[in-house]
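Structure provided below as structure tokens; questions to follow.
Going by the order they are written in, the chains are A, B, C and D; count residues from 1 in each one.
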Amino acid sequence: MNVAFLQELLSSVAEQGRLLLPRSLFGAGAEEDIEALALALISGRGEASGVAIARELLDRYVQLSQDDRRKFFRFLATELKPDPERLTAAARGYVDNPSDVALSLLQKAIDSPRLEFFRRLNLAPGATAEIVAMRRDLLRLPIDDAALAAVDADLRRLFYSWFNRGFLVLRRIDWHTPAVVLEKIIRYEAVHEIQGWDDLRRRLDPADRRCFAFFHPSLVDEPLVFVEVALMRDIPDAIGPVLEEPSGDEPAKPPTTAVFYSISNCQEGLKGISFGNFLLKQVVEELVREVPSLKTFVTLSPIPRFAAWMERVAAGSEDVGEPAQLDAQLLLDRLNMSDAIEVAKNPDFKAPLMSLAAHYFLVGRDNLGRTVDPVARFHLGNGARLERINWMADPSEKGLRDSLGLMVNYLYDLKEIERNHEAFANAGTIAASRNVRSLLKARGKAKVPAEAEETPALPPPLPAKTSS
Amino acid sequence: MNVAFLQELLSSVAEQGRLLLPRSLFGAGAEEDIEALALALISGRGEASGVAIARELLDRYVQLSQDDRRKFFRFLATELKPDPERLTAAARGYVDNPSDVALSLLQKAIDSPRLEFFRRLNLAPGATAEIVAMRRDLLRLPIDDAALAAVDADLRRLFYSWFNRGFLVLRRIDWHTPAVVLEKIIRYEAVHEIQGWDDLRRRLDPADRRCFAFFHPSLVDEPLVFVEVALMRDIPDAIGPVLEEPSGDEPAKPPTTAVFYSISNCQEGLKGISFGNFLLKQVVEELVREVPSLKTFVTLSPIPRFAAWMERVAAGSEDVGEPAQLDAQLLLDRLNMSDAIEVAKNPDFKAPLMSLAAHYFLVGRDNLGRTVDPVARFHLGNGARLERINWMADPSEKGLRDSLGLMVNYLYDLKEIERNHEAFANAGTIAASRNVRSLLKARGKAKVPAEAEETPALPPPLPAKTSS
Amino acid sequence: MNVAFLQELLSSVAEQGRLLLPRSLFGAGAEEDIEALALALISGRGEASGVAIARELLDRYVQLSQDDRRKFFRFLATELKPDPERLTAAARGYVDNPSDVALSLLQKAIDSPRLEFFRRLNLAPGATAEIVAMRRDLLRLPIDDAALAAVDADLRRLFYSWFNRGFLVLRRIDWHTPAVVLEKIIRYEAVHEIQGWDDLRRRLDPADRRCFAFFHPSLVDEPLVFVEVALMRDIPDAIGPVLEEPSGDEPAKPPTTAVFYSISNCQEGLKGISFGNFLLKQVVEELVREVPSLKTFVTLSPIPRFAAWMERVAAGSEDVGEPAQLDAQLLLDRLNMSDAIEVAKNPDFKAPLMSLAAHYFLVGRDNLGRTVDPVARFHLGNGARLERINWMADPSEKGLRDSLGLMVNYLYDLKEIERNHEAFANAGTIAASRNVRSLLKARGKAKVPAEAEETPALPPPLPAKTSS
Amino acid sequence: MNVAFLQELLSSVAEQGRLLLPRSLFGAGAEEDIEALALALISGRGEASGVAIARELLDRYVQLSQDDRRKFFRFLATELKPDPERLTAAARGYVDNPSDVALSLLQKAIDSPRLEFFRRLNLAPGATAEIVAMRRDLLRLPIDDAALAAVDADLRRLFYSWFNRGFLVLRRIDWHTPAVVLEKIIRYEAVHEIQGWDDLRRRLDPADRRCFAFFHPSLVDEPLVFVEVALMRDIPDAIGPVLEEPSGDEPAKPPTTAVFYSISNCQEGLKGISFGNFLLKQVVEELVREVPSLKTFVTLSPIPRFAAWMERVAAGSEDVGEPAQLDAQLLLDRLNMSDAIEVAKNPDFKAPLMSLAAHYFLVGRDNLGRTVDPVARFHLGNGARLERINWMADPSEKGLRDSLGLMVNYLYDLKEIERNHEAFANAGTIAASRNVRSLLKARGKAKVPAEAEETPALPPPLPAKTSS
């Protein structure tokens, strides 16, 4: 409630600020347009009356149409860029003599007036959230406009500095959290949709559930990223039991396993500024401290690009090596099963599906040579290990459509994190459990597709291959 | 008390973090020196274990001798600077074709690894204060080392972004403030020394006293800048009554005048990052809101360089035009008064002293062509007006030694602030009241030195010149 | 979140306390039953180990069956009452010589050991809420047991002291309030049911809505009583527009009228301890301070006993004077309208219905000679004035069933409150607007029933009587 | 700072309340005197406008002279007592037939209007502290007025209910505590005077120091009782090292012993309402939780009545049995040492002094048959054990004057507390260590005075007398 009080206070203060301003500045209102205000803000007037000008500009901005916003970003792109002449001179100076002094001059010449513009814009109370929203607007614009990329680069540079991990505050989200924050948790949940307040309560309130979020002191009531955790006694192999109402009975035994089953970024305007990795690690530390019985830290994650990859593989548009392709064809094409979801659900096809999934993770690469799966890139890049692939772990519509019902556990072993991270970052090496590796090998050895081809009478041979 | 709890929590979490780290990293302790840790921090290892490496590095830093700190800053200066080859190439590319793309490449090439180093250092809980202290150490080093200037420039750039006004929080300091903050108010007060807790209470607790400070969310319990205010019914002409115990009687009438009688910057490591101007303006707004009877906002300020300027003038080493110099000589030299303080105290010399003070403000310029007085530069640059010069307003030892007992009122008239600021910033025009201007004219007209010279019998003629 | 932390801390401390206790006390667990614990608590052992004994006793109590609870209350009634012999002696002593000393001895003799028992029970952290719940249990028991009345009287006496208005804290309930409190607002709302979280938000979050509650420092997260307020520009004549989603448009003009449209007591166990009157007055003060444009403070209230009264009147079982009875018969009986609700909805019967309602308020009396309506007793006793009766103001099922669709505005005129209260308290005088009085007169003058009887063709004559 | 804000809010609300009141009530101000206000408060007017009347009455009260206060208390004593006729009737009714109903009627008749008066007085914001101050004023009046005892009894009864342990909040006092509270710690410290803020900091801020206080939610910024604790590795035998600046070196080993070296009650007006016992126990639990290495909980306490007792013994005015008296005479009288303090300091007399101290504790009784020492009564009654008597443990002036330099350790052994308490409460049995008991015996055996004095006559009788 304090925070609300603070906000109110702040805005009333800003209000006052405007009232105190010389009437000449805003009296006419429409007279001075947003571009004039922007120029005023980075001029000497901005030094004297920055708070009020910034507030006025932000109020104008909000009322702009999308077209006018685009126009305004273009203005920022072209009018508030570094002075080319001065910069050329400084660059030449450095090329001629790369001294410390020349470097310093170059640094000054290249510092964009736009950066200063945004920094001064932040003078207005509550401005940070509005500047973040500006970048959201910018990112939503059609990207055919190269000039705007420079504006985005400046904003991103600024946010990278402002939203430094050291300034973020970890807060537990629970049933004592204000509703104004909780409704954002409902809105921003990106992995397993929250079905209203009762569902929310199920995820926050029971003794074996946790939720943590990062906040920035200047973005009041606005989580940046949050993670939902279930405290269990085993690594779960399906999302159902995790989301269900826990039984009323107090668990007889203390939990051993923290399961991160949903991580959601909240601020579109902070795209590309990474918080999730810090969040996971700090939550691990927090949980270790609070619940000493916890020994295992693991995710239960979707495989959001798996179904699409399978289709490309089956269609031959993905080069995965012949055996894998044949596997996929076997499953999708040769069976005349137009609906991949039917395959996903069929226990007879569990083995080849799991095998292909292992291939997807361990062998598959995207155009940029990276592991295909973005969630995998996040956790593996974070130092986790691919621990287990779970069949029919998410039978929801979305789960079947995107991940063919599969889910994955990434395991965070604190002793391995640094090693895994470096191996992945430097050599693309993917840390995976023997269990997952064996799925791949199983396929190889069993020559699934080959055998399959020889035996046209499908199902029968398939069960034999299950090895997990 | 919450904040303390938070700090404790944070540090225990960091502690945990270290314990959880692979022993390889810190096991040997002394094996890996601070430079190796710095390199680790900006490497891939820093991405995986940044929090712990940053914490360890900061702990090592604190134990370094001054010499080793200097060595470490040199290391940062030489080893963590932008790659010259890459930068030269990018600079050349921009010179050849100053396109958006070339600009973007140049920006990336010039971004100093040091900046990233400091940003990652800030991962450790509580690090911000320690990085600010690092810059304090750096600024205290002998400045014969040009290479270190680049390190300072990076830190300053970083702090300029981190300590953006939009992130600062205004808090009232009063008798409900925790002692841990109050003792810092005592320590940091830079204008009129606070003589222990009773004196502090006199300045904070009475109904007609206020104190406000800016805080940064990551610098817990550490004010950045604070201002002390007395609510009065007139513009005071001396500091004595302002600092004295207020009479117990409730003032019959509501205050009309807010007097800012002390502004102190607290963080040596944030030198050059300006907060005072924002503080004053926000405090004005705060007071307007809280005490609607207030109409006048004014300072009572020292003139810290006046005595030194007088000496230079008397010695002829300051070129102030003949009349002013003669005035000064008249006062200091010709009278064989070795002690300027005796002059300051002597009512007979009030008029020429005041006149010279007006000259000091309105005409005097330093080597850089600026108004001599730094306090004047702050308030005039802030949009205030030089309202009044007060004779024998601060008879303390420091007041006599530095300011020859004079004090000045700068008046903040909200309707003038922007105009004054721009005139001062663009043309060096000094906003001053007619009263102050007349002091200067008085001298002119009265031709003080001339008359003085004609009449060898001093004192007598002087009284005639008093005009204020 | 702090509060939750505190609670956790407190309960862990209590936990500790128990662990630290000599095993002899609770080791056997089942050995010592709740009555033994109660005796221990008021003995010397209770002085030494009160916190732990109280905690244990409360834990046992919660697990008792309803029968065992009743047994336990009987135990308190019979075993922990004042010592009859000592009391008889003291009473006789006072009768013989009513001195100060005799009075003091009598006071000591009459002080019930039960009171001390409950006071010591309150030593356990969080006990207050549990003792309040005990009284709830007690009140729910069949009331055929006279002995239990003394237990209730003691609890009530205790709560009257503990829940003194001076200890209650007014808190605004809004969208920043923790969900754990908000869900109780949903649950406890007793007048106009809240249909889930969206409805709740409609009542709390818009700029022209307020909700305030009283809390007791020892009943964390538990409102005692709350009131919902709509800020409007007129006195509303129906509940519909008050509960509807406000239009998105910011109201052009500031609100003039605060409408209290729902007051709900939350704690069954605090029955008979009155907070609502203090709440209303403090909320008025709060609103005056926050929204200076407010001039009128008014309720929109149900008439919960009106329909039942009408039935009794129509049935002749309520002695209301002949004219009123005939009116009622006319409406309900003679028309062969078995369904009073049909009458309520029919505009043709508006006038006689309103007239009867005026009779209900101004003339009707219950068995105890009081104004029939409990809500009226509350507001009139509070110093309000019966301002207006509104036809078809609450067409909900409950509104029609209980109040025949009517609602009432009670107006709080601060200048009248004390006078109204005293007139009502001393003489039963009901403050009512001329408007309401005229409804009664209208009936009298128009002789509704008489005319009605003469003119079998109903409707026609009725319109003539409308006066509102 | 929140609390201050709250207070401000509350008082502004009360202010409002008064403004809103009918002018008739307070317009003339002097017209209605405090007695009239008191009568108004318990009348129907008090029900309607209680908050404002209570506020006005309290404001009047503060301005009364001591004489007028006394007059006002007499008014309360005589005018607001239970109606004698009604009470006599009810008492007679109970004597005739001691039924539940008669008991209930008697309870109602005896309930003092004064209690209701004070309860309504508490309606005014901030009133609780003022009512507590009222009782302080009352207790300070000369006690020759028996009628006032009834007023005190009512206040005490009220406070006993209001300040129930269950409503008190334990807060740690440290360097993060607001100055407004800390200055009260300095003021209220009753055992070892705090010499200004530096001394305070020494007691609160070091890592091995703790201070805890009980607060009541309605007495903001006002501690009720506080205890200072040093965390050490041994039971200290002198106060000096406890109060000294701790060495800067972090203690190598974790503390094992919590030493309560000062407990101070803060509120004179709450005399007789006991908090200290609860405070000690809760602090023990708090410390056990926070510092698991602590195993021993012990006090270092003065013996405030020892010197006076010695004098009485030496003078023969205290009947202690012949041997003890001779001992005392030996020390004080026969040696012609008029100054007991010289005896206290003299190592030669350590043994008999210690022996006499043991006698003082274990054998000595006051007029009421109680252990002489009030501090001993508190700790022994609390379940502690007399662990050790320390010679020359407090060489301060006060320490020598009151306790002849001796100090005592009372040890809280959680396993013994209940047993010790009951033995002390029921049988006056004093729990003491063998060490202390042996002092008493030693006195006999050691033949102290004989050796000391060459007087052969002495020793013999002594041994015989030991063993009591």
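Assume a contact is a pair of C-beta atoms (placed from the backbone, for glycine too) under 8 Å apart; a residue touches a chain by one contact, two chains touch by 3 or more.
Just so you know, these numbers come straight off a predicted model, no measurement behind them.
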- Query: Shared touching chains for chain A and chain D?
  - Reply: B, C
- Task: Since chain C and chain D are copies that touch, just let me know if over half of their interface numbering is common to both, same, or not, different.
- Result: same
- Note on the structure: Farthest CA centroid from chain A: chain D
- Distance in whole angstrom between the CA centres of chain B and chain C is 60
- Item | Chain centre separation (chain C, chain D; CA means) in Å | 41
- Note on the structure: chain B and chain D have mean C-alpha positions lying a whole-number Å distance apart equal to 50
- Query: Which residue numbers or ranges of chain C touch two or more of the other chains?
  - Reply: none
- Among the chains present, which pairs are found to touch? A-B, A-C, B-D, C-D
- Task: Provide the residue numbers of chain A that touch chain C in the complex, in ascending order.
- Result: 1, 3-4, 171-172, 174-180, 182, 196-197, 201, 221
- Note on the structure: The residues of chain B that touch chain A in their complex are 12-13, 16-17, 20-22, 25, 44-45, 47-51, 81-82, 84, 87-88, 91-92, 94-95, 98, 100, 103-104, 106-107, 110, 119, 122-125, 127-128, 146-147, 149-150, 153, 158, 160-162, 164-167, 169, 217-218, 277-278, 281-282, 284-286, 288-289, 382-383, 414-415, 417-419, 421-422, 425-426
